[in-house]
Structure formats: C-alpha cells, structure tokens
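Quick one: the structure is below, questions incoming.
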Amino acid sequence: MRENGNPYKPHVASIEDAWYETYGDRAIKTFKVVFDDEEIKESWEHRPGQCAMIGLPGVGESMISISSSPTEGKFLRFSVMRMGKVTQALHELEPGDKITVRGPYGNSFPVDEWKGKKIITIGGGIGQAPLRPIIEYVKANRADYEDLTIIYGSRTSGDLCFKGELEEVTSTDDVSCHLSIDVEEENWQHYVGFVPSLLMEVNPSPENAIAITCGPPIMIRFVLENLKKLNFEDEQIYTTLENRMKCGIGKCGRCNAGNLYVCKDGPVFNYATLKQVPESFA
Amino acid sequence: MNNKPRIGVYVCHCGINIAKTVEIDPVTEYASQLPNVKVARNYSYMCSDPGQLLIREDIEKEGLNRIVVASCSPRMHELTFRKTLAEAGLNPYFLEMANIREQCSWVHEDVEEATAKARKLVASSVAKARLLEPLEEKEVDVEPATLVIGGGIAGIQAALDIANAGFKVYMVEKTPSVGGTMAQLDKTFPTLDCSACILTPKMVDVASHPNIELMTYSQVEEITGYVGNFEVKVRKKARYIDMEKCTGCGICAEECRLKNRIPSEFDVGVGKRSAVYLPFPQAVPAKYTVDPERCLFLTRGKCGESPKCADACPSQAFDFEQADEMVEFKVGAVIVATGFDVFDASRKPEYGYADYDNVLTALEMERLVSASGPTGGKIVLGKGDEAYTPKDIAFIKCVGSRDESVGNEYCSRGCCMYTAKLAHLVHEKIPDANVRIYYMDVRAFGKGFEEFYDRVRREGVRYIRGNPSEIFKRGDKLVIKVEDTLTAKALEDEVDLVVLAVGLEPRKDVREIIDLLRLSQSGDRFFLEAHPKLAPVDTATDGVYLAGCAQGPKDIPDTVAQAKGAASSALILLSSGKVKVQAQIAIVNEATCRSCGYCVEICPYGAIEMVEANRMGHIVSVARVNEALCKGCGACVAGCFSGSIQQKSFKDAQILPQLAVLGVK
Amino acid sequence: MNDKFEPNIVAFLCNWCSYAGADLAGTSRIQYPANLNIIRVMCTGRVNPLFVLNAFQQGADGVLVSGCHPGDCHYMEGNYYARRRFTLMRELLEYVGVDPRRFHMSWVSASEGAKWKEVVEEVVENAKAVGPFDQFRRNKINW
Amino acid sequence: MESLKLSKEKLGDFVSKLTDKELLVPQKEGEALKFAPLAGEDMPELDYENTSVPPKNAVFPHTETMLQFELGKMDMQVAAGDEKEKVLLGVRPCDARAMVIIDNLFTWDVDDPYYVDKREKSTVVGLACHEPCSNCFCTSVGGGPASTEGLDVLLTDLGDSYLVQPLSEKGEVLCQAGADVLEKASDADIQGAEKAHEEAANKISRHIDTAGIPENLPSLWEHELWEEVSRSCLGCGICTFLCPPCHCFDMQDEVEGFEGRRCRTWDSCMFSEYTMHASGHNPRHSRRERTRNRINHKYSYYVDKFDVIACVGCGRCINLCPVNIDILDILSKVREAL
Amino acid sequence: MVDLDKLRTVAKETVSRDDVKYLIGWSQGTFGYRVSPHFVKTPQEVDSLTFSPLCSNNLATYLTLTEKLPVPRGEEPDTRKVALMVKGCDSRAVVQQLIEQGITREQVYIIGCPCQGVVDLQKVDEKLGEGVEPAQASWENGQISFQLPDGKTEAFPREDVLADKCITCRYPNPVLSDILLWDEVEVWGSDDYEDVKELDSKSPEEKWAFWQDKFSSCIRCYSCRNVCPMCYCEDCILDRLNPTWMFRSNNVVENTAFQVARAFHLAGRCIECGECERVCPVDIPLMKINRKLYKEVREKYEFEPGLDPESKPLQASYRPDDEEDFIL
C-alpha cells in the first residue's frame, strides 16, 4: 500500500543548467532539470500552468511553478526566488547537483479552449514564472493562436525575470512585449510605472482575447480592476494563486481559498469562479 | 550570494606532535566523506609557508569557499590562517579550526581514542564551517580630541600630556577652580614638598595651554555616541561675572555684605568666605564667582539698595542677568578623573565629630596646618579669647575605611601616610605636643613610606594599636575609650584634639557619570575598570578611561601615574585615527525582537539600545546593536528568549549543528 | 555500571580562560580522558542554557560549561550571567529527573591546566557512573 | 448479521483472544483520557465519558514518518507501516463517524497511503453512549449516540453485559475470534439496547438547526460576528487537534546526525503560521479570519466537497477551549445573522 | 465586597473615555460554570460584565496577544489605552510585562479587583457535575456558593473548590492599579512549596518517570504558551524552524525539551497565575514545574517577579555573590 505509487515519494532529477535571473536579497535562480530515471523522464507529462514540489532531503520541499512548456523538450525549468529555508538551500545548487521533484500538480491553463484567440499575459515579478510556459506554448503552436501580447514589469530592471528572452521576443513580429519598471532608471528604454498602468497604456482590446495575470496580490487586484475598465468579461480573465501548501495533493489543508483547494482546483482560476470566493484576494 | 559550501579540510601532522597519537590518514579520509567537503588533505606543518600555499592553491583551483584547519589551538594560529584566506581572496572569517593538538594529541595517549576524538572535532568544525558567513572588519574614524572630566591632579596631568602630544583637550571641572583635593593639602608625604608649589604651575599650564579648553564651574550634561565619536554637551554655569572683564582683584569680595559669613568649601568649613568668592588664592582661573545659593541679590532679588559688589567692581564685570551656557563638541576619547569625597565622619557618631569642635577630620587638619589656611598655619582651636593650642593630640585611623559597618571594606591607601605626615607637621608646629595615633595596622607600602613612618616614630609620635570605641567629653578634655590590643588593656585617654583620619569614598554624584557613560561600579562603588590587572585604566565602554581616585583610593604618585596611563591610552586611540570594530559582533533580527530589553540590561558594554521601528504600520521598539561598542561576548545572545539577537560566527544556527555531529557515535 | 561505557560529553569553553587552560594542559602534556568534545565560544555568557537540552537530545551523556572565575571574565560580567542561568537550568534538569551528575559547570582559568584535568576526570567519572542517557536521545525514539 | 452478547465478566477473556492485534482502549494518563495500547494483563475499562483526545490518533497520528533518507543521499525510502493490525475498543459513535468523514478527504482523488494503510488495518469497536456529555450535539449534525457509521462492531451496555452487534466483515472476523466467550443475544437484549439508544438520544441537551447553514455561511463573510466570536481566541491548537474530523498536517524534514526523515505532524488552521506565505504575507492574518475559516471549513466548504459536515458534535472543542469559545454559540449567532 | 454595580459604573466611565480603546473584563459563559473574556467597546456592553469565583482567565494575556493587523498606508495605528480588569495574580502579569517593556504604562488602564480566589472547575465538576445551563457562583464568608440551574444554591468551604494557586496565593490584591473597585481583601495564603519539595526529594529515576509520564501526553497544542501572559514572542523559538531547537514531532523527548525550555524561559518571570495548567487539555501539571523555578528564584535570589515595575528582570541581572555551590 505504502510503497506503490506513494504520492509523497519524489523522483530524483539532476540539474543540467542553472543561472541567476536576478540578484539581491530575493534573487531568482532558474534551474533546468532532467529526471535521472529514464522511465520517468519519458512518461512525465505536464501542461502549462502546472507546478511541482521540488526539494532536498533534509531541508524540505517547496511548490514551484514549472516555468518551461512541454513543447520545449524533455526537461523542466523552475525559477525559484530565494525566500526561506528551502529556497535558500536550492539557491546553493549548481549544475550537476540533484533535487527531488514530485508532481505535476494542479490544473492548467485551458490552452485548447483558447485556440484561435488573442493571448495577453500580464505579469509582475516572480509572477512571470507560471506565465512563461504559456508564452512558450503559444510560440510553439503559433498557428493555433492570434496575437500574443506580453506585459511584464518589476520594481527595477535588475528584478526582471527572463529579461534576455523577453527582449528577444520583441523583435519577432507577431509577439509584442511590453516591459516596465516602477521607477526611472538610466538606459531604460521601456515603460516606467506600475504594471496596471502599463496595461492601460497598451490598451488591449477585449475582443476574442484572453488575459492571464499573475504577480503580487496587490498588483493582481489593480490589474483586474483595469481589465474590467477595458471591458474584459470575467470569463476572459485568468489568474493563478500561490497559497502556501505542503502536500500538493489536497490533504494537508492549508491552501484553500474558500471552498477551493488551490493545489487541486487551481492554481489556475478563471476570474468568474474566483469572484465567488471572497477569501481569494484577502 | 549564497554559494554552495565547498569546504577544504587540512589536517596538520605538526611534525609528530599530532601524527604520533592521531592517525592522520583515516581522519583525512573521514573528513573527505563529510557533507560539502570538496578537498581533504594533510600536511606536515600547515602553518608553514608551503602548508599555507596548499590552502591558497586549493582555494583558487578547487574554488573552495570554507576552510577547516585541524591543527593546533586557534589561539595559536587562527590569525595566521585568516591571513592565508585573505591572501587567497577569501573572507578571513570563512575559517574554522579543529584543535587536535593541545586538546587532543597532547592530552591523550591512546591512538584509537585520540583518532576518534579528532574525527569528531573535525566533523564538528565542518558542520559549523558549512554555515559560516563572511564578516566585515569595519573601522571608524576617531575625532582627535579628548574630554577630561575633573580637574584634580589626575585630570590636570592627563590633560597636559594629551595637549602636549598635540591633541585638543576639553577639561570640565565642576567647581570654580581646578586643583581638586591636592590644592587643599599643605605638604605631601613622604617627601614633604609643598603641595601648592608643585601643583600651582600645572594648574596655570592647564589654563594657558593652547590645546586645552578649560571649562570650570561647568558640568557634562550629556554624552552620546561611541568610541572615537562622542558627542558632548556641557553646561557652563552662570558665574554672574564676565570672565573676560574680571581681573581677579577681589574688591567685590571685600565689599560683599556676607563677607566672612559663609563657610568656605576649600577650607572645609574651617574658614569663611563671601558670597562672591575665589575658592582659594591660587585658584585657576583667578576669576570670581557669585554663589547663587547664598548671594542676597540672587536669592532675594535685593541686596541693600544695590549690590555692593557690583558697584565696587572696577571693571564692571558683574552681570546678574547671566544665564547658563550650553556648549557642544565632539571628542574621540573621554577620561574620567572625578576623584573622591572624604568620608563623612558624622556617620560614625561614636567619635562625636558632629558634637565636639575639637574633633576634626584630617582634611580640616590639612587646612589648619596649611600656611595658606584660615589660621595661617597655626594650630589653634577655639575663637578669639578662647583660642588655645592643643597639646594632647590623638589621631584615629581607618575612619570609614576597612569598616563593614559603614559599607567600606576597602583600605583607603592614603590615611596611614597622611596621618604620619600630619603627626609630623603637628610636631613641627607644636614641638611639645604629645601625639598618639590609634591604629589597626600601618600600611607603608610605597616608595619611601616605611622610612617616613620610621622617622615620624623616632620624632616621638606614639602608635597605639587599638580601635577606639567611644569619644566623650570630660571637663575641657575629650576622653577616648579604647582597648590597647597589644597589651589588652582598656584605656581612657584624655586629649585636647582628636583628628579623624577619614577615608576616601566614591563621589556622592557617581551615578551621574555612570548614567552619562554607562560605566559600572565595582564592589567598593568606585568606577569599575575593564580588568583589574591588565586594563586598570580602561572601562567597559571603549574610549573611556579612568584616572586618579575615581577608580579607587590612591595617593598622588599613583594618581599621576595612572593619569599618564589614561592619557597614553587615549593618545593611542587618537593618534591611530581609526578604531577597528570587532567583526564577530551581535546583530538583531528586528522582525522578531519582542522589545523586552533584556539584551540592553545584559550587555556589559552598553552596546545595545532600544530604537523605534515600524512593523506593518505599528511603532514598536526593537533592540539595535552599536557595532562600534559591541565586543562580541555573546552574553546578550544567550539571554534573548526569542533568539532575535545573534552573534556573528557564533549564531545558534551555527552552534546547534556542531552539537548534532558530536552526538554521532 | 558497564565498564566499557565511554560517555559522550559536550563541553562549552570560553575562549579566554577555560579554552586557554585546556590548551595549557596540552602544552604541559597533562593526560586526561578523551570523552570531551569541545565547542569554543567567546564567553560562557554566550552559552544558551537550551544548548544543554539540545546536547542531550543529540546524544550527549554529559555536558560541561566552563569559564573564567568570577571577577575574571574577559568581558567582565558574562560568567555571572552564565552562573545564574545555569544554576536555574541545573535545578530544572534535576527536577525533571536528569541526574545532576550529567551537568557540570566549572571555573578554570588560563593557568589552571592541572585543574582542567581534574575537572575533566570528575565530569567523565560522573557521567560514567550514571551511564548512557538514552532516554533523552532523539534517535532512540522508535518511529 | 446476528447480534451477540458479551458478559462484562468475560470482557477480559474476549480481549485475550485478540493478542495478534494491538488493542487500544481508553486509559487515564494523569487526568487525561485517551486511547492507548492496553498493557499486559490489564482489563479494559470502558466505563467513562468520552476521551479527551479522540481516537483519530490511531489512524492519523500526531507525528508520522513518511520517508527516510541518509543525509547527502537523494533517494528517500518509504517508512515501514505498522505490522500489527489494531483494534480500537470502546470508540464512541461520534468519533467513529469522524473517521468516515476524513476518509473522504484522504481518498479524494489520490489515496493518502499512510492513512489508508492504517485505516485498513484497524477494526473499530464502538460503544453506544448512555450518558451523553453535557456539550454533545451529535444528533444535530447527522449522528447519534448509537450511530453505526464507521464502526465494525457496536457494543451497547446492558448492565452486566454488552450487546455486541457486528456491522462489517472486519467486525464479523473479530466476533468469530471471540466466539467462545460470546453468546447469542435474545430479542429482549436487542430491544433493551434499542430503548437505551433512544433514551440516550433524548438526553442530548444541546441542539442546533444546521439547515441552510452550509449553503449560506460564506455569505456572512464580512459579518461582524466573526470579530466578536474570535476576540478572545488564543490561537492555540486545542479545538482543532482534539477535533476528531480535523485532519490538517504539516510536513517537515528532521535530521539527526546523518540520518533524516520527512514526517508529518498535526497542524492547526488556528495557528498563525499555518497559511503564512514565505513573503510574510498572510491571507488569514488574524484570529478573525482563522476562526471564520474553521467554521466555514467544517460547515460549508467540506459539505460542498464531500456532502457532509466536518463536525460530529462531540463537544470537545466546547469543553476544552480555554476561553469558552463555543461552536454552538457561534452557530447560533450564524443562524441569527442568516 | 464584590460590588457589581460599582464594577459596571466604573466600566461605563472607562469605555466612555476618549483615550480608551476598549475594556477587557469577564462575562457569563455559554454553559455551566464557564466565564468568557469579554471585550467591551461601548457603554451598552458593560452590563454583561461580571466578577465572581469563576473568573479564572488572566486577561493580561490579551495585552500582548492582540494581533497587530497591518495598518493601511496613510492610517495611524490605534494607540489608545486598553482598560483591563485584573485580580491580584493578573496584576502581577501586567507588572512583569511592564518590567520587560512588553507594554508601557501609558498603554494600559488597570482596574483592580481584589479577589478571594477563583475555583478550579475540575474540583467543581467533581462536586456538582458539569451542567449545561449557564450558572453562577459567589463568595460568601469564606465559602463559595454556587447557584445551581434549578435555582438552589450549594456552598462549599473555600479550600474544597479553590484552584490550587489560590490556596497558596499571597497576592490576592492587585499590586498595581489605576483604580481599585473595592476594599482590599485579607491575605490568607502562604506558600511553603510542599508539592515541589516532595517531588524534589525523590530519586532522579522517580522524577524522570513522573515527568515522562506527564510529558508523553502533551499534544503540542501550544495552548499553555498562548495563554501565558509572559509568552509574548511573536516568533517563538520553540516552533521556529531555522534554527531548529525542537522538532515538531510529538514524542516524549521533544515534548520534554519543549516543556523544559518553556519553563526555563519563564524562570523569574512566571507570576504563578496558573493559566497554563488550567488550559492544558491533557492536564499536565505544568505549575509543578513552574513553581519549582519560582521557589528556587525566591530562595536563591530573593526575587519575585511581577511585584515592582522598577525591578530588573532576573535573568538580565546578577549579583557578584550569587550562589554557586555546584560549580567545580
């Protein structure tokens, strides 16, 4: 009973590559990992928006969004912000080191439903991590979708995650990328201000569009307000929640927002659903 | 950035010193298996140049970022290896040492046991090394000036030494003149030179030295800051006389309506003064001061038609509107030379000091025998017609010293000799006097003291061993009741004059200074030095030094010697221009601090203060460590229940893993 | 008691007196039992009494805290605080049934190499006499 | 299944038939009653009000090792389970019902192997209540003093004997093991038991009408009653740790020397760290939010997911809350507000 | 003696003051002989305030327990006073909190209720059984009388039903207050720590066995800590993860470490209000361990916490001549 398919027992994966996205107290480091076990490597499947519990024996586990799209290859990417015990220990790791991974967990973005639509991602800070797989997915299946608009901001240019990648994207024709930082900096070519105002600046049309937002709670709140001002219907808006979780499989209890278990009913939520739950933006 | 720990372990043979009892190879092998250890090597002498080179090379080649050296005591070579790390570009605090020589190979014979112990010590060091953090060795600039509090001989000497070395000195003296107790003395033991003759020139020097700013009749109100950077606030009390204009002629005092009506502090009440006064003729500065508590004009707003003094002053120096003046300045060091008070003899009522005029304290006696004293040096008692010269004179020693009943267990270190001195002077002035000294012990420990004591005895002074129990009046005479403990005979000695050799006590106002500078008191209530043997002029507060009797009773030579010590300590600080701040100091996690202030109470160095912090919009008080003051003892850390204050390099998180390893069998 | 039993003892020594005293014992080649695992701290004042609990949990059979004699503390007061704290901790441990022979405190100065040996011997003998402290050991818990 | 009878004198004999299993019975530890393994020759003592610590311990222990590993190595081994099967003797019907309620969660979507393993290996022998405690309200939340949900066997005290009703296969097996000491029950016995059950139900003095609460509770989100009822809460773990259907846990890695284990321990939604994000942001930052969540979770969210109220009316949280926070009082305030 | 009208009048005046945020007192509980802490914000709410032998709760806890909710930007935190009703023991908690600067004197308005001892509900239960109907009790000439739900009253000698801490109480009158509600009561208790001495005289093995038995039942609900007016660390090291002092695992070893550590942290601070023992759901005799340290501190250092707001905390002070007979 305990041995077979024990959902708490993680797989071992090796870090192929690791680099810092941002520096400072709350640095973000991205890891590209590959499962050690060939069988797992082959059979592993995840969809954009899902996450996984990654950890180290003796330290613990953290729920982290899978920031790579399955279309990119047989590997997983995690972008981890240094916060506490586990993430700190993860930051010490380098290529060649191993981590444990279990999952994938949670629901995913309904990328099939979205076919033929315009996709707008609105991210802030580390919140870009769960949005990256959609961007990659849409890029890989470019024909299936209309315009892709990326709106992303952080406090300073040094805090922008995936900056190189995003700046490259701008040059491709059918993807538009809008970056912002909170306060003026030298040599900054893009917008200065908060993400919700950048959204108004970009002023996307709600027609046949899907808006997906992720970031700090306060940013989400204002982005939602602004999307409504831009006449987006609730059903057109998606967001992801990141409540604290321990088990990842709906047992440990803490991640609920009202009657929703973020780990199972989420982390991706349609705003129409979320609006029913008063606790979700507390 | 938090790099993954890559530890290098270096096991030293120390020739055969370690290798004889500890099996080096297994220990090295064991170390190489420990978590995060990248390299484990051993070498015959790690501290030698090739040994250190080994470490430096590995740091470069293997990218090591923590080093564990298993060798001799860190007390021996910690600095050596820290340097090695620094030379290789690594923070010197990424070093941990395992002492497998002094505390292992040299104290155990059994190879197996010693090896097992060495393994554990290495494992424990590795466990800690994994968690070491880089530390910064900070330096702070030193303000090239010194504050000297107290203008007695101690303060004067220290001020002159520092000023002569070319640094600015601010001297703050409470009374209107510098000089302190020494100025009150007649002659000084054992050489019997005239106190005024040797002191006055120094007093004048202090006043005229270009590097010294003298503030008499002033007091320090506030000192903030820390070593090298003290901010001082001084209140210069109003003298009601313009210092610039006063020429010190003394006409005002002559005119004062209260002339000779006020007991003179300087003459300890034996003499009298006016309400406007110069404490004593040689006073420095030679400027008059109006006593605000006595002056009729100041206390009642009226002094006859108009104050006679002001009218009389030829230079129109009076200014009754004058207010206290506040001065602020910065200094790098502080010398506390506030001296002592003499024991209040009325606290021993059995000696009748408060009741009988012919019971005097030694200090009063000093004034009485002094040529500049109220009697011009004649020993006469009583007034006017009743005046007489005492013949039978007794001294009682140890009044207020070595006496538990008054709370002074210590010896005042001067009374034996000044009693001998006074006895000698009495003999000199009243050759037929019959002088006896009641004593418990005679302590003549200083240079020339024993010789002086001998001389006085040869002059005919009788030493009687006994501790008088009572003094009472019988007719004109005073009767001393005492048991001669050598002959075990009870005596009743009839005398004309009793002189009480009062001891030296801490100043009544020590608390003020303690609060100003966060100093501590020792058991005797004098200021506590940093170390009784090795740092007798330093205090727990860096940059604050003690000189003279403020630290404990002493005579003039010792006072001067200590003043010079304090001056040199201050000069070392000032001339280097910078102070290194400890690196392994305490640091507060303000987010979890619970405002209890335990650490503030505990810190022996006053290095912690409570400051306000904003916690989600609420103002809370949290502890903050002054990096320049913390010495890194860690006493605060173990006293903090919430674990909010931690000592760098000795954090709970770094020590607990050491325990985990030690338990591994 | 089992003669073979070698107790595991954790000792916290202050840098200035006891650690130096232990070093002196070394330079004087004074021999003593090898059961001690020494952790150096700058002052006994740094030793959190909860370390004692933790040491027992992690496998110590005895704990020693040693520092400068009263009045000799390098930091003036650290050992006074330590004395108060450990007086209380010791009372408490004894009260919950930890044999007092498992916890010791000593004053050993930098010149007392010989005293250090005596202290170590006494601490080790005491711990031997009470035997292994398995009841308070984490890894003995049956999960 | 046939009802049987066990004379009280023979309880000891019955127990001695079960030596291949671990027998957990209510026992006093200090003043506190809880289920604990019966030592040696001791006789089980069933004459008590309900235990202060519920028997959920047996299937969902406070601390449980999930995985084991060596420090520095990556592979983690699943910790071995209990070898012996367990028999819980003298479980009150409310506590047994609670196990059924948490079964829902622990088998939702994926099985929790540790819980399911323990649950499968335990046989629950219940004891119908005769004297409900003063704060019991099981009948208001779908249970009753003789509810059989979650029980393998139900005992009913008949004075000098127990009526023994096997209710499941496991129960049957157990009764067979004790067949020599069990007798057949008479109709009178059965009727006597039924009457006792009814009387007990009537003795329950506290009630609450839950109709409409699950559907409408979230609508009181911003109601001032939450602030009012939570002001004096201490944020301790009593009401949740001792609540039989409460099931939240925390997972921690514990390392000892070079060996480590990942274990889970009870956690409580009344603790402030429970939902604290690593960033310091806490979606339930005060006791108001936490109390609101506790009640909502039991009386609304859980109903939403599993169609059953996650409270069995045992009254423990009422009895033991140090500051008299009374779930029935809260619910009646809810009623008023609805 | 106890004058509820006075109590309510004073309460009304107090909550009407501009500089008072709210008042914390006691009110009738929801069942049996329970009492609940009662937060009064408006004069209308004072009528449910009560004071009786049932008022065990030490309300001083709420001075430090109150959660400091994030203050929205631009707003000022409410720094007005909290008015607090205190018995003798409770007042000592306030004093000790003042000593430790956990709160400042300006933050609290202390309403003193001289107290004749509160009951131990377990003792009452044994005599009367736990009822459902809310019921009351009062002091009457050295007896405590209970109003039974059926209208009858029953009285017992004080010693029979008082909490243990009250039987030995030496400070029934508030040691610090802004207003005293009625005359001070006569001190009846004295404390020779017989219970502690008795356990102390046992062998280490017996003591170990005794405590292991008790500690093994701790469920680590932290109620003892949370109710304690002296346990006000926002981030208690006993359940902090980094560094880990104690595992969260519930077993007798970790529980023992938890209990010993907590007792140590309360040495010289515990004011013997007995709340920890009262709230423990598994009835661990926590006071027995707290009282041990109280006794030692009193004997060794002539110190009692919570009496003089000017005194220095015991563990943040020392005397050069502190006892040290055990030191080698």
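Order of writing sets the labels: A, B, C, D and E. Residues in every chain begin at 1.
To be clear about the criterion, contacts are C-beta pairs under 8 Å (C-beta built on N, C-alpha and C of every residue); 3 or more make two chains touch, one makes a residue touch a chain.
Being a predicted model, the structure only gives us computed values, none of them experimental.
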| item | value |
| --- | --- |
| Set of chains whose contacts include both chain D and chain B | A, C, E |
| Greatest separation from chain B - chain, by CA centre | D |
| CA centroid of chain A to CA centroid of chain C, Å | 52 |
| Centre-to-centre distance between chain E and chain C (centres being mean Cα positions), rounded to whole Å | 36 |
| Whole-Å gap separating chain A and chain D, where each centre is the average of the chain's CA atoms | 39 |
| Chain B and chain E, separation of their C-alpha mean positions in angstrom | 45 |
| Chain C residues counted as touching two or more neighbouring chains | 49, 54, 58-59, 71, 77, 81, 85, 137-138 |
| Sites on chain A at which at least two other chains make contact | 84 |
| Per-residue multi-chain contacts in chain D, two or more chains | 71-72, 79, 250, 252, 255-257, 263 |
| Touch-based graph of the chains, sorted into line, ring, star, complete or other | other |
| Contacting chain pairs - touch in the sense defined above | A-B, A-D, A-E, B-C, B-D, B-E, C-D, C-E, D-E |
| Chain B to chain D touching residues, read off their complex | 35, 660-661, 663-664 |
| Chain B-facing residues of chain A, complex | 23, 27, 82, 88, 91-94, 97 |
| Parts of chain D lying in touch with chain C, wherever the complex brings them together | 65, 79, 256-257, 259, 261, 263 |
| For the chain C and chain E complex, residues of the former touching the latter | 49-50, 53-54, 57, 70-71, 77, 80-81, 83-85, 87-100, 104-107, 118-119, 122-123, 135-138, 140-141 |
| Interface residues, chain A side, partner chain D - complex | 1-3, 5-10, 12, 57-61, 83-84, 87, 98, 100, 217, 242-244, 246-247, 249-254, 256-259, 264, 277-279, 282 |
